[in-house]
Amino acid sequence: MSEIGGSAGGVAARRLRLGMVGGGQGAFIGAVHRIAARIDDRYELVAGALSSDPARAKASAAELHIAPDRAYGSFAEMAEKEKARDDGIDVVAVVTPNHVHHAACVPFINAGIHVICDKPLTTTLADALDLVERVKKAGIVFGLTHNYTGYPMVRQARAMVAAGELGKIRVVQAEYAQDWLATQVDNKQAEWRTDPARSGPAGCVGDIGTHALNLASYVTGLELEAVSTELTSFVEGRPLDDNANMLLRFDGGARGMLWSSQVAVGNENNLRLRVYGEKGGLAWAQEHPNQLTFTAFGGKPQTLSRSSGELTDAATHASRIPAGHPEGYLEGFAVLYNDIAEQITARLEGRDPDPLACQVPTVEDGARGVKFIEAAVTSSQQNGAWVEAKAPL
Amino acid sequence: MSEIGGSAGGVAARRLRLGMVGGGQGAFIGAVHRIAARIDDRYELVAGALSSDPARAKASAAELHIAPDRAYGSFAEMAEKEKARDDGIDVVAVVTPNHVHHAACVPFINAGIHVICDKPLTTTLADALDLVERVKKAGIVFGLTHNYTGYPMVRQARAMVAAGELGKIRVVQAEYAQDWLATQVDNKQAEWRTDPARSGPAGCVGDIGTHALNLASYVTGLELEAVSTELTSFVEGRPLDDNANMLLRFDGGARGMLWSSQVAVGNENNLRLRVYGEKGGLAWAQEHPNQLTFTAFGGKPQTLSRSSGELTDAATHASRIPAGHPEGYLEGFAVLYNDIAEQITARLEGRDPDPLACQVPTVEDGARGVKFIEAAVTSSQQNGAWVEAKAPL
Amino acid sequence: MSEIGGSAGGVAARRLRLGMVGGGQGAFIGAVHRIAARIDDRYELVAGALSSDPARAKASAAELHIAPDRAYGSFAEMAEKEKARDDGIDVVAVVTPNHVHHAACVPFINAGIHVICDKPLTTTLADALDLVERVKKAGIVFGLTHNYTGYPMVRQARAMVAAGELGKIRVVQAEYAQDWLATQVDNKQAEWRTDPARSGPAGCVGDIGTHALNLASYVTGLELEAVSTELTSFVEGRPLDDNANMLLRFDGGARGMLWSSQVAVGNENNLRLRVYGEKGGLAWAQEHPNQLTFTAFGGKPQTLSRSSGELTDAATHASRIPAGHPEGYLEGFAVLYNDIAEQITARLEGRDPDPLACQVPTVEDGARGVKFIEAAVTSSQQNGAWVEAKAPL
Amino acid sequence: MSEIGGSAGGVAARRLRLGMVGGGQGAFIGAVHRIAARIDDRYELVAGALSSDPARAKASAAELHIAPDRAYGSFAEMAEKEKARDDGIDVVAVVTPNHVHHAACVPFINAGIHVICDKPLTTTLADALDLVERVKKAGIVFGLTHNYTGYPMVRQARAMVAAGELGKIRVVQAEYAQDWLATQVDNKQAEWRTDPARSGPAGCVGDIGTHALNLASYVTGLELEAVSTELTSFVEGRPLDDNANMLLRFDGGARGMLWSSQVAVGNENNLRLRVYGEKGGLAWAQEHPNQLTFTAFGGKPQTLSRSSGELTDAATHASRIPAGHPEGYLEGFAVLYNDIAEQITARLEGRDPDPLACQVPTVEDGARGVKFIEAAVTSSQQNGAWVEAKAPL
């Protein structure tokens, strides 16, 4: 097990001061980010612009033990005032609906405050590339919470591919299936996800397909080259896709398929990845994340277990408790928070960060995801023609 | 449990006289057909043209207790002489390599002998349509051994879809993954499967992709309309595809994906089908065929088990032993043999066959499979353009 | 894959002539034995005393294509007349209710006819030991159909233990759980199984507990020394146990537990075995019999698959078709029939049998099972005191 | 999902002030308790007597952001000084080795400070009963961290049994298997667990067997009456048991088996519970804790999933995030912390606690566990005689 949650040297680093934009009462992902920030005790939440509704923003802040003078009415005000404080926030978590990400990130980047941003990065490629540019200029740490990359066995899979244990990759099968939008749904979560104005041009592709694509690239190290896509809206009157069938072409000749669906009855958060190379194959499923199946060609399928012996350092780094005691979604999310804390703390302490903590998806990965969404939509509009999907980075 | 293997009325119907073309020493699928024919005791193997090599044909016949005078040197001779006998064969099983199917079937059809033929039906659509025409004219029984349709839980799935338990079908996910061709393989099985002259224009699409497509159509009752395909040969020097990534469009708006691969390390015979409709979803996997998972929208996933209470008659018909005692590949294969025996016996007895025994894939299904293969190859040659895949029946 | 179902040398051995006692219309296990005898084509069923009811015996024989003059009214008559024929049966299958096994076996043993007998061997230890003695004197082949020993992965497990891959065995966990007797059941199968006069002194211990114990000893090679047992009849009015909780002591210090139950709601035929030694552990489950999990201490759990590479000869011997195409209960049962055929054929041909075919449970194993049942009943009557369970062989 | 981690009314309750005894550098379970306390943000760790080694105690406190003046050298000093402060701790977590639990709890109970204590409660029954008495007199909240009771699907199982969905319970099968002590192990965790002076009279029974027994009683609501046990030390020279095979008798006629082992190669933390009643059966496994299988008699096995529709309030109360996003060991542990926080906060606020938060194992449950351990050891010493196991409460 790693030293997550403690510090190596006997003297604790100070907790980072965290602010949050979005994530007020009733928001799902904001609560998740806060738990993720608490698990390893490297952050304290001290400021927030938690809602575009001022009353809800105040009430939410009070519930979260944020001092009244640091409960802001807007992210712009927050960036300005926090920058001005001696004890201003080190880092901000942006957990608004997708269409606000770009606007919310900019003032903090400009203020030199590090950023943790939810995915997808933006709703247009232009906005995404703008953020890439700004982050580069500002020189800040920018972490994108494709949270599934924080699972230890995903880190293990990535390390095994990188070490050549699968040989040259040939085939990638990725899928993310849910069923909660199989009929008309009337709730806050469904509402903004099926609204092009807030979600962007794609429905399930943007909401969950990006996770599957990100996971595939994260594990294989391969960049997507082109997609051929058929997007469908099965539920009558829904303006955005609720099912996406895709063929993928990766750098270097690997071929893939990606299915994302929110109408696949019987699926909750069935994100799965299978990767096949010349020498081996592996399979991982998010709903049982503590195991990874690996088969060397001609050998017997092996079940690798989180925290068990002989895993890679990359996996051990991302795990807290012994094998057989499952870690879950929140712990995986917290690995990203912990890694970002290490990156920021290293800067504060004037040292290089632990390389194992430098595997968090970046603003560039965010741009790749937005390019993927745009290419998927374009391909579907062109009856499945192959469309280039490589971000111009 | 059904009365498979016995007869309802107390007087046993006579065993059908079976001949075999192909399937001599060293052939895999011939041995499987023979076991399938024996399990329910409705056939006796009495004649054969078991090999194109006369010595091997004789030796194979002797091993199988076939009388020397009914061990033929060619299928043409066999059809002629058996037709002339009073105790001539009722039915012939054609288990040659694919490219011989058409030629081998014709003389028996012409002789009015019923036919059981392995899949794919032929290597060209013209040949397939020719057989359709001949079978129609001759009025014989013709069963195509897409054997996975004999599994009781596949029958159950089909009956549930037909009864509307899933509602209108939206999404179909089919796959058949193996790994035995992940490298160059030098054996008889691999040799003819990767040889265009004997296998036809497709590799893994024809060998196993057709099974996946047939299964999808069999369960959903939907006809394939069009395919968009990327075929790849990952192993250097292999003339035919060893991986196929496909998007599917079905009659009535359902959308699907199909993956077939023979280079997916860690997969043995991983044929899986998932079907999602407006009201429910189901999943079945060939390697654990005695279970079927069904989820009604909003309900809890249920594990349906072969032979357990409350299954459909279609499933019960295809099962021999109690729940929890697994039946496998050979029993599923034998269900087709048993059903075909019922169809033939009903004719001999001048009665209507049991409708539950009339769900065996037909010569028309064979033509659909060949059309699918051709469309897949064409689409891949056209960089994944959508190609019509409906057989002109 | 083995040459099961064929013959090695090019000339087929003649099929053995098989008779059957019991197994008439409506009998479950008789039909199973007949399918098992047919699968590999080494038997032909030619005679029977299929029922104690003469009309049913005749009708059953007719259905099974047995000639009228070989459809006998009693097993005694059958033994006598078959012995007198030149083409008399080589071997008889005894598939009556338990309490008839002894009486039915004796005349055939006396006639020098080989015997295949269902389990448990007898309903008293005295009867069992008598059969042991008679078989020894007569020098016949006697196979006891503890059919689960015919599963290839059970053979694999046994071979791995024998080869020392698990080291010295420490802990054995065996269980066989069903639920079909969770309430009062009124059918033929339930009736005799819960009737002491026909089943013997034990209910689920005799019916299924013996299978679990046999499996444990078969795989580990360890003989049972003593049991501590609590038998319970949960369903009111049931005279025999429907649940048995047991502690086991084996030869050489291994310790075990055995649970058999017919009231465990949600279980069909959940027979499972787990074995742990100093160097490794393994697990096998009858409902998914094509896989075996093995873990070497400190290593990763491996899934061994039937017919896949690098299995022992013992497993390969018992398998017919390639990995990933499941074999089931009937095939496992047929392995015993095939092995017994080899043992008998070798005698007919004056040669030594294939050693791999000599792993069928014997009449001595049957006596061990009966001793186990008696010890279990005694221990339970003595409030769980440890009772010796070693058969006096 | 419940409102775990927030507060219902819009004004946050203050965080409870938490102290810790034991759990300094290198301790496993202390770190787990701290994460559990942080996840839902209802505690702040402000004081500690983290080690019996003063230097380590200081260093550990510094790492944990505990002020130097609240880093105590002994638990006695800590209880005294914290009691004297206006901002003294509300509650203490006792996470020392087992043999210190009693001594460490007493001063805090005496000071009226609420207690969270790790299991097993004590190493002797007398000590356990003494704590029961003291807690009763002091009127404090006392939570015992049998943490598996915090898993949502365990709460679900308990609620289903209580609601009669399984009918009268007949059979209970509990097991907790590990393999990390399959050989001699030299580390801190192994050292004290195999030392009678620190662990008490039992090895794996006390360490993990108690968890299995507690889980069985927690879910079924049945009290243990008697045990028949065989304890074994398979590893040479080990003074305490590393494997325990047990038969159980519960109140009201239910019968059970319990296996706990630390030498079962291939098991990590394989805690499983199966419960069978007249009307239904259920199964749960700790390594995949987000699912629960339930079968109503005659129906199909259903997979209940954490946070999915139609679960009981008890399960919903214990869950934070949507179905399909797994929660794990730490979240389950945190449920106990959250529930204890609710119990304490309700007292501070002069109101009744949420009844759903009142299902945490108590000091009485701790005494039951110690009685179980003693009975198990006694039974084994008496060659498995049935020994009464009901705590004198």
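Order as written gives the chain letters A, B, C and D; numbering starts at 1 within each chain.
In this text, contacts are C-beta pairs under 8 Å (C-beta built on N, C-alpha and C of every residue); 3 or more make two chains touch, one makes a residue touch a chain.
What you are looking at is a predicted structure, and each value in this text was computed from that prediction instead of being measured.
Chains that touch both subunit C and subunit D are the following: A, B. Annotation of subunit A and subunit D: jointly contacted by B, C, touch as defined at the top.
Look at where the CA atoms of subunit A average out and do the same for subunit B: the two points lie 44 Å apart.
Distance between subunit B and subunit C, defined via averaged C-alpha coordinates, is recorded as 34 Å. Note on chain placement: the centre of subunit B and the centre of subunit D lie 55 Å apart, centres being C-alpha means. Multi-chain contact residues, meaning those touching two or more other chains, occur in subunit C at positions 267, 301, 305, 308.
Residue ranges on subunit A touching subunit C, taken from their complex, read 298, 300-305, 308-310. Touching subunit C in their complex are the following residues of subunit D: 166, 170-171, 173, 179, 182-183, 228, 230, 232, 234, 243, 245-247, 249, 255-257, 259, 261, 263-267, 274, 276-283, 293-297, 301, 383-386.
Put simply, subunit A touches subunit D in their complex at residues 5-7, 10-12, 15, 25, 28, 31-32, 34-35, 38-41, 59, 62-65, 178, 267-270, 286-290, 305, 308, 320-331.
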